[in-house]
Amino acid sequence: MDILITGVLLGATYSLIAMGLTLQYGVARIMNLANGEMLVAGAFGAFWVFTTQKLSPFTSVAFVAPGAFVLNWLIYRFLLRPLVRRAKNRGMLEVDSILATFGMAFAFVGIMLLVFGGEYFTYSYLDEPVAIFGSPFGLNRVVACLVSVALCGLLYLGLNATRTGMALRAVAVDPAAAGLVAIDVPRMSTFAFALGGAVTAVGGIVLSTFLTMDASIGIVFTMKALIIVIMGGVGDVRGAIIASLILGLAETAVASLIDPGLTLAAAYLLFLLVLLFRPEGLFGRRQS
Amino acid sequence: MTRRETVSVAMVAVALAILACLPFLVDGYLLSLAVGIAMYTVLATSWALFSGPTHYISLATAAFYGLGAYVVAAGVDVIPYAVLLGLAGIAGGVVAALVGLATLRLSGVYFVIFTLGLAELVRQIVTWVQNNLTGSRGMYVLTEITERMIFWELLALAAAVYLIGWLVTRSRLGFALRIIGNDEVVAAHVGINSAASKLALFVISGTFAGTVGAVMAPRFTYIEPSIAFSPELSFQVVIMALLGGVHRLWGPLVGVIPFTILWEVIAGRFPTQTVLLLGIAFLLIVYLIPNGVVGRIESAIKLAGRSVKHG
Amino acid sequence: MNRRTALKAVIAAVFAGSLASLAIGAAHAADPIRIGAVAPKTGPLAAGAAVTHWPNIQLWAHQVNEQGGLKMKDGTRRKVEIIEYDDRTNPGETIKAVQRLATQDKVDFILAPYGTGLNLAAAPIFAKYGYPQITSTSITDKTAELTKRYPSIFFTLGTTTALANSVAGILVKLHNEGKIGNKVAMVNVADAFGIELAESARPIFKDAGLEIVFDKSYPLGTQDLSPIVKGAKAANPDAFVAWSYPPDTFGLTAQAKIEGLDTKAFYTAVATAFPVYLAKFGKSVNGVLGAGGVNPDTPAMKAYYAAHKKVTGKDADYWASPVMYATLQVLGQAIEAVGTDRKAVTDYIKNATFKTVMGPWKFTNQSIHDFWTVGQWQNGTFYGVASTGLSGAKPVITKTGW
Amino acid sequence: MAESTALDVQGVSKRFGGLLAVDDLSFAVRENEVLGLIGPNGSGKTTVMNLISGLLKPNGGEIFLGDRKISDRPARIIARAGVARTFQLVRILPSLTVLENVIAGAVFGHKRLWGRAVRQFALRQLERVGMGHAVDAPTASLTYIDEKRVELARALASDPRILLLDEWLAGLNPTELQIGIDLISSLREEGRTIILVEHVMDAIRSLCDRCVVMNSGAKIAEGTPEQTLADREVIRAYLGDEHA
Amino acid sequence: MLECRNLSVSYGHHRALDNIAVHIAPGEIVVILGANGAGKSTLLQAIAGLVPASDGGQILLDGKSIKNLPPHLIVEAGLALVPEGRRIFGDLTVLENLVLGAYAERARPTEKDNLGRALTLFPRLAERRRQIARTMSGGEQQMVAIGRAMMSAPSILMLDEPSLGLSPILCTELFKALAEIRKTGAGILLVEQNARQGLAIADRGYLLENGRIVGEGSAVSLAGDPAVQKAYLGGVAGGTGRAWPLTPTKPSIAT
């Protein structure tokens, strides 16, 4: 039972890391290697609010979310759209966006270093036990799980029950055809990228309540997010959520039952196994 | 061999001979710069042997490299260094074979991300073994090997990469890989064993990366997992190769040299803003040199040819 | 020329220009003493360096220059100029940067890099060009072999064996006093330093009569440490020892609080001595044991902490910060005594006694053998409670809940 | 036995998820025969081609090439045994030249040439399909119909015993169609066995010795074109009344 | 009313379309005939905004220029394209595909009516509205593509080889459906290799060759023209074993 709850809590953490990238990669088709930096920036927003303004870190959503949205909008509009335009096919765009966002990741680390400094930022918030079925769990992790559920639910509903969501999915499936049904594809892609960035930054806020971060740590989150997105199947929100949960449960089970030293190895092994048996990810579609 | 080929081979041999004299002329900083260039040349060229024709972007270089370094670190006190170099190459090749068997059927981005995770996986396993089984107390590589010798070893490896690359391009294997890179379904339907062909090249590039890791290990004295398996290395190799161009054997080289120098200039001139400027420089490269240096050179040659014709 | 080509031309010009200047190097008048510094500003070790490394360089240079510079033998004063490079936590970069400082910038001295791995990677270069390398953040058990190999390397922070020994000593002492039982839960981060410490500790703990009831490692970068803490708690230990790195030191402590892992002795290694540890956990850290420690009550130490806060705007930590500062003092005093001849400075460091913030320092076999090994948070300060021969240790207290 | 069996499909089934694309299908192709595989869209014709060429593996049943079972072999082995094909959606190798595209067919498969020989052989195939003028052209400059011709030349370059043509004649105008039909007949005259999937009735009538008609994955008729195209069920499911 | 004047398209140095003039009135079916590579698809793509048209020419929809607008605005203006290869959203359901067809502002008020009409026209789609589109057969996907285009309430519907790869029975059904659509008042511009059936339902036709209009006339007169018969309607058997001609036989028609 403990393993189950701990695993779900960790899975929720992972889904917060990966949800934004699912939108950015699934719809806007940008494999954003600077995604982790956006998360760290969001986390820093929360840290700043908490330590200097003495407010709940969650109040930072008020400026982090719109800020990240606008920033990512601009990034896509001015830095990535030229790449989308010049790419002759999806493969070229993939290579170009890997290269460009890798450069961006460097630049972001540099900027954050300037703005935030290089130290660890960590603080205690909701750092108290809450009992679930008699076992103590960190309240901040439980809250993170709830936020994650809410966020995933909203995204899922938004994508499946609204006209805009349907348009986003159409762009994900076939951008050229989407233009033929009056969908403004560049605008939708930009929107998806910006929304993904905002979701990632909000994830950063939530994670900062229990993870220690510094300006250089973004790459760690990017790697995890990439693995989850790929494991779930590109562009599928459900897949990303399931993959997060599987990873969370597997890591916790291995840590509790076998050896904590093998948790990450087990996670990568699992990733490999999934790809071996479903090369297109859990919910992915085979490219024809 | 045609006449032209004979000439090129001779030119390469002469160039290598001249480069081999380099350590007698320069020392210290410039030599360490040369070591960096030589290292990335071997890594990027052997990477491009596999990834150029097949379009499989492998981010696993660090896994093989780190493994090679660890082979040396583990055995440096008991096994002769030369043997270790061979063992490291074999280790890289064997792991590449295992990984290749499992993953080379993955397409596009799935392969990219898996290889990215691979360095992490190998690192986790190596660390766990180190922690639980060998019980070693840190990995020291204390040898008498100087930077000069490292440079020569790398140069020899570079010669080997070019030789193998040249042989592959002329062979059926090279042609098969180009077809695979275009369309694997067609490849299968003209009778190509895609898996074996890709595996062969992946193993070659893994072997080289492992050997390079072993060559570089004495330079670091102390091997840590986070350093031996740094993902940054994998990315840099990919970027330099793509920057140069992967469709020519010499392509990665013309990427490695300007890139190393540019990064060096930035690191030297702007020490407090290194990372920011590296990122910006990087973006400029991606936007301004979309087809790689080779693409630039070739279009320049074409342009020159045209103006000669017209003039 | 259109805009695009113009832009490219500008870039090319900048590139060529900087390349030229790189080759020529900076060969201007050597009025100030030029000192190179290579350490991570980015990468995995950057956050640690931002706490213990860079601020002390800033502080020391500020203090030296404010008083007009170092007072040379001939009575003149020479200011110091620091040339910084970011090695991005990449040993290849460290090596290149040290080479560049030595042969291109031709600096007078180079400060030791940050961390064990990067220091050892650079050691052959320091030795080759005869630069003294006074390390402050490298801990190794190979001190004897390394100092023999590299005649200008100096170690000041201690050895893994000594750290493990002291922890065992404290636990045994508490056990003998009847304050705790002898069951120890031990975890370590599966990275070089953590592995080494755990490896040293196992036989030492055993010999000391302590029973290790839980012994697990976890990978660097583990995001959820609760299975570890749950496992440790289930073993029902009397003491908890974690050979941990900064992010997991915070994570383990937070998790122990949540899980109610209330051992009377609770030890986490690196970063326990960081001010941010106190800031994060507040009063509940009282009684937590950690690596390092200082004697903060000496006047020199008090002045150091005040100055650190004033000049850098941040609090110094209670382990490596003052040690790092002390190595700078050693370098400064050696230069004042014998000038900028590197050979002479190295020899001087080997033989002289220095007055540092850590107390008097005298190197034997290029190492400082008296150092703090274990500290403990007591009423908002991290006091040294065990050392290898230093005076001023506070008595250890037992932890009474979170 | 005057006519031996070149290819024998025995009770083959293929399932995609819940969809049964090919349902217990059996037919045989004789040496040097042109067999038409026809049927409504989605009836499983292309899937059958994919099963024969080894792109897909059947869930049940077996396929024999002569006496050799090929249904459990990978595509490359089947290709080496002398089966070549074209694709419904043309698959040209974009970064290779036209000639290299054709050479690709002659190096690794049934025919294994290398060096000068392969070049000359490939040139002959290109000339045969009327592409002799575009040997060194980049593939990007090809029109759709040229791509089809290059693809056929690539298939011919392996000197196949059995040639699978998947709607190779689709999208041709009448003039082009006639030439295409002539070309296919000349291939048969060389002794090759050909299976074609087509919707173009003129081509089926003039080329095929026999037809197999599929609907919903199953065979609904088999026989000469005249017989099958007059079959009531074929008319109902495939041709519509106007063509009857 | 769609009208193109002096429309040209170049790919690099290659001029794919050269001074094309075509027009389609509401309720009219116009077929474009031509050999492969003549530029038929390029013409539709240029009108739909998928490839840029060169300077100088004009594309007018009801008098307003739609030249080189982004594709989504052209749909908004009332022009829908069923592209070659269908390009439906394979991972979405049939219903979602259709509803997305009405994403244009102009189509939203009449979305319900149009959906009803599309489902009446293609009853098969009504049966399978929850099915994931990619799992349907080629002909059914073609219906989805046409239905989706109709959902945008276009004044002009363009179809690029809709009968390609369809079985004879589906072809017949398709052309019946086009005749039905015409009755709603939409103009239809059809590129069709199946010239016989194309001309059978068309009012007028254009002949396109090497990027130029080389002939134009009523469907009846084109169908009766011997050159058109020879080049596009077949029936003239060629000899065997001759070399493949580089260009198809030229039809010449006075207009």
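Should a chain be cited, it is by its letter among A, B, C, D and E, assigned in written order, with residues numbered from 1 in that chain.
Here is the rule we go by: a residue touches a chain if its C-beta (ideal position, glycine included) is under 8 Å from a C-beta of that chain, and two chains touch if they have at least 3 such contacts.
These numbers come from a predicted model, not from an experiment.
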Labels of chains that are neighbours to chain B and to chain D: none
Pair with more cross-chain C-beta pairs in contact, given A-C and A-E: A-C
Reference chain D; chain at largest CA-centroid distance: C
Where chain C and chain E are represented by their mean Cα positions, the distance between them in whole Å: 73
Interchain centroid distance [CA atoms averaged], chain A/chain B, Å: 31
Centre distance in Å when chain A and chain D are each reduced to the mean of their C-alpha atoms: 47
Chain centre separation in whole Å, for chain E relative to chain D (CA means): 29
Overlap residues in chain A, where contacts from two or more other chains coincide: 109-110, 113, 259, 261, 264-265
Where chain B touches two or more other chains at once, by residue number: 124, 127-128, 131-132, 274-275
For chain C, residues that touch 2 or more chains besides their own: 41-42, 44, 89, 190, 217, 219
All pairs of touching chains, each written as two labels joined by a dash: A-B, A-C, A-E, B-C, B-D, D-E
Of all residues in chain C, those that touch chain B in their complex: 4, 7-8, 11, 15, 18-19, 21-22, 41-42, 44, 83-86, 88-93, 95-97, 99-100, 102-104, 116-117, 120-121, 123-124, 129, 140-142, 145, 149, 160, 188, 190-193, 195-196, 198-200, 217, 219-220
In the complex with chain C, residue positions of chain A that touch it: 2-3, 6, 9-10, 13, 109-110, 113, 117-124, 127-129, 136-138, 141, 210-212, 214-217, 220, 248, 251-252, 255-256, 259-261, 263-265
In the complex, chain B residues that touch chain C: 27-33, 36, 124, 127-128, 130-132, 135-140, 142, 216, 219-227, 230, 232, 261-262, 264-265, 267-269, 271-272, 274-275, 284, 288
Residue ranges of chain B touching chain D (in the complex, touch as defined): 172, 175-176, 178-179, 181-183, 185-194
Chain C residues within the chain A interface of the complex: 41-44, 46-47, 49-51, 54, 89, 187, 190, 216-219, 221-224, 226-228, 230-231, 246-247, 250-251, 254-255, 257-260, 271, 274, 276, 279-282, 314
